[in-house]
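Heads up, there are several structures right after this.
First chain A sits with chain B, and in the next complex the same chain sits with chain C.
Showing the complex of A and B:
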């Protein structure tokens, strides 16, 4: 009997609209699906900025149904308690939200599988917590709509919810070295703690968020169903879940983020020399293989100490080093990939050029703190080394503004390149080898001076 | 004056106006303390436009229609006055030095969004009038721009996300089209029964 009533309610309430709530995720995620299902889950979390206000609006809209159809007085006369009816409505809305969200998730996961990109179960937990926040939002909308059954409530609640969702970003300080974000920041529904495609939230952080979302949902349910002073009981789940969540969260938000082992698992070529990418970037391996082997061959033929394998450059910011940390024998490949398909986005020759920048080394950590002019000189030295290895003139550097925006200008490159070529052939080789050696050990120093021999 | 007063009261205009003024004042204050959050000016106009919606129909549409009034004229004046009121309320904080947005932008957003509210009232009913402008604007503020690659917006992007675009012919044309079509549809057909 009850299930039949719920089924009817699903058909005749705003549950259908609640089910469509997560549909705009298609717009958000379509560009990013080549980067795997972790990005899908965190993308949904960030898009709660949109989904939570819409869920509030749907809930408030549904709550006004009795008054809209001028049924309130009639329904008061029925012997059945009001919360019986309201429970069914709430159940229908929750079912709509949950089923709709997971249908969209399943659809997009299907697409990710179809293009051969990375799928994992770690995203499921993140998405599950997002769904809980959506459930809490739609129930909260229902509660507010019931407490204030006015015609202006749904639009005001939707817009007010949106303001509340964008407000933390505008008001709270941004993360910096001196001011790390507090862990409690993760209580904001749309906050992901800066999770990259290689990372996920720790189990305890997810548990804290789930507790907080569940507490909100229960409180909203109490507000929506109870009447009179019993509504005050809604404060209890909020307080309890807040206390539990705060105790589960780490002191700093960055400690709630960990590398996702399934995402950074190496996917390698079977034959030597080994070319490896992370599982997230698996679609890029086919495009990377040949340019990467060309790069290894060029380095081996032109320099005394060359790397022997290629690995994707994934910087573990907490450890301060690259995964597979061996700058001397590993060539780290920064992969310019198309977000939609996960394939390499630049022509093979540009990718080869990118691999040889810095004579096959990633930039050293100290370079990120250099002043602008010194950073430009540092980049010039590294790019000229790549040009020398490729025997290409400075005019051949790619000028694609999306991937190569940071390249130094032609004048600086030409000057340094001509200065290097003015040296005897043996010295040119020694200079580039010296640059590579310095970049491998990351000793501080002026790399342009090392390359051109002007510093000594 | 008496018919006008009764008309305004029957359409709950005083409540809508008071709510709009309070909310916009709150948003203007937020805009000041948060150092100009980009979305707030649009949200202020959106509040005004959304709260215009319920007033576009009376309590009993059938009964209204039996009145020997020149309804198209009343509706035209109503929707025009609503647009003017939205612009006035949203630009009013400038008087006390807390300007929310440039007049041109408020004007464009108000024309487009109030027009969309009127169009929805004529096609789907006044109760639903707030839904398309609010949903469309929130989408445009969040996920809609991701349909297009980053960089210089294309014509289709300028049209489909007109309310968040900088001033230009394409967004303005879209807003004016919505405004004119909405006003004409509502004036001619009235709220959907």
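Showing the complex of A and C:
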């Protein structure tokens, strides 16, 4: 009987609106699904900024139904305890939130699987905790709406929830070395960047968030179902979950983010030479294979000590180096993939050009801190090396914005290219080999001078 | 047909389903029911009186919405004045409030089913009871329509359906015929007569005609006090006798106003009562 009543409530209460709270993820994440299911997790976290407040409002709106419908008089005269009614309503709302969220997740995961992109369990866990926060929010809305069954409660609660969700961004300084964000920042679950597609939250950070969300949900249930002084019992789950969460969270928020082993696991070709990408970029492997082998072949035919395999360039920003720290034997591929399908977004010959920039090396970490003029010279040297390897003129440099923070200065590029080609063939080869050697060791120095022999 | 449980056919432990002594009930600051003695058995009891006479307050007290200020109120033998022991009583009550609120998005069937659940009916009985209640108020073909799509008269009938779904021993209907068209009022009277055999029905209304047609018993209250109690024929007789009133407006028999004997009886009794009170 009660299950029939729950079904009626699911159909007729705000449960369906609660179910729609995760629907915008369809729009939000759809363009990025080629990046794998981690995008669902982080994308959903970003939508929480809006949808946790809306969940609060939906709960409060539902709580006002008896007054809005002028049912209170009739309800007083029925023998069933009020908390039975409230439990059924709460169950319907929770069912709406959970079913809605996971339907969207299943739908998008189905699409991700269909395009052969990356799915992982860590994404499921992050999404599950996000769902728990939505559940807590809708129940909190129900509780507050029951305590204050006024017309203004739902909009005020939504507004208040929104302010709370953006509060950390408003009051905390921008994250930097000097101002690391505290771990307690994670008690407000909205993700505002900082987690790349190769990263995820640590198990203990997720456990902390789950505990905190569950504590809030239980407290909300106590508030919504109990009456009189018994409502004070709601303080207990809040205090306990807060204490547990605080003990699980790291001191600094960034320590809650780690590389996701399943995301960075190498996916390689079966045959040699081995071409590898991270699991997140799996759809790109087919597009990468031929240009990558061309690049290896060109490097081997023109330079000594050429690399023998290809790996995707994933910079671990915490360690300050690439994931496969062997710049001598590995050709790093920075993959210009489309967010939607995860396939390579540029023609094969442009990809080949990209692989040969810096004579097959990724930029050294020190280059990221160079002043703009020096960085331009650094890039010019690396681009000229690629042109020399490919026997292509400066005019053939791809203009695709993917490659550039800014486009190299055409005049400078042509001048450097001409200067290199003015040398005898043997010296040209020695200069490019010297550039590659410098880039492999990342020794500090002016690479354009190395390439043109003007610095010695 | 529904199977009756043993406790349903067992003799009751009380003489009257509704019994009040010196009942006083507040409505806001006013004592809206002020020293009422009442003993109602099975049958349809019409509650008549002018606006503000205390009809709705009395019905709300009988429905256990408001607690009496003083006096005793026994429902099904249980003293409910203290506000305890209500659960068992409430299972046996059906109530249509004057301002009947409802969940607009529910269908009629869902709403009546929801009320049946609130009244803690045995789950196995609910589907049959819901259908029967909807059939009895003539909403069968509207059972699966949303409440918000119903006309005013249909809403009222849905309100009656939710009140009778649990086969209540005490059925309290506050202005049940508001919004019903003449045909529906006839149906409603038939329903009342059906219920009268084993239910104690209290119908509060302005419409003397409803009372005359369907009630086994009439009560007139004014200023929270019982002014008259008798069978509908007594009401008509009061007018015919022209009991003690002055020919002031040249209306019907004995100067009382109204188009029917019952209405004239009603106005005669009210005027007499008011004159006596003014002395």
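Definition applied: the second predicted complex is superposed on the first by the 448 of 456 C-alpha atoms of A that agree within 3 Å, B and C clash if a C-alpha of one lies under 4 Å from a C-alpha of the other, contacts with A are read in each partner's own complex, and residues count from 1 in each chain.
Everything that follows uses one rule, which is that a residue touches a chain if its C-beta (ideal position, glycine included) is under 8 Å from a C-beta of that chain, and two chains touch if they have at least 3 such contacts.
Owing to the predicted nature of the structure, the values given are computational and were not obtained by experimental measurement.
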item	value
Partner chain(s) touched by A:297 [first = chain B, second = chain C, both, neither]	neither
Which superposed partner A:318 touches (first chain B, second chain C, both, neither)	neither
Contacts of A:1 with chain B and chain C, given as first, second, both or neither	second
Partner chain(s) touched by A:76 [first = chain B, second = chain C, both, neither]	second
Which of chain B and chain C A:230 touches, first, second, both or neither	neither
Partner chain(s) touched by A:399 [first = chain B, second = chain C, both, neither]	neither
On chain A, the residue positions that both chain B and chain C contact, one per complex	none
Contact footprint of chain B on chain A as seen in their complex	24-25, 27-28, 30-31, 47, 49-50, 53-54, 57, 68, 151-152, 154-156, 158-159, 162-163, 166-167, 170-171, 402
Sites on chain C touched by chain A in the complex	60, 63-65, 86-88, 90-91, 93, 95, 97, 99-106, 110, 113-115, 117-120, 123, 126, 162
In the complex with chain A, residue positions of chain B that touch it	12, 15-16, 19, 23, 27, 30, 33-35, 37, 39-40, 43, 46-47, 50-51, 53-54, 127, 130-131, 134-135, 138-139, 141-144, 146-147, 150
Complex contact set, residues of chain A against chain C	1-2, 4-5, 8, 11-13, 65, 69-80, 85
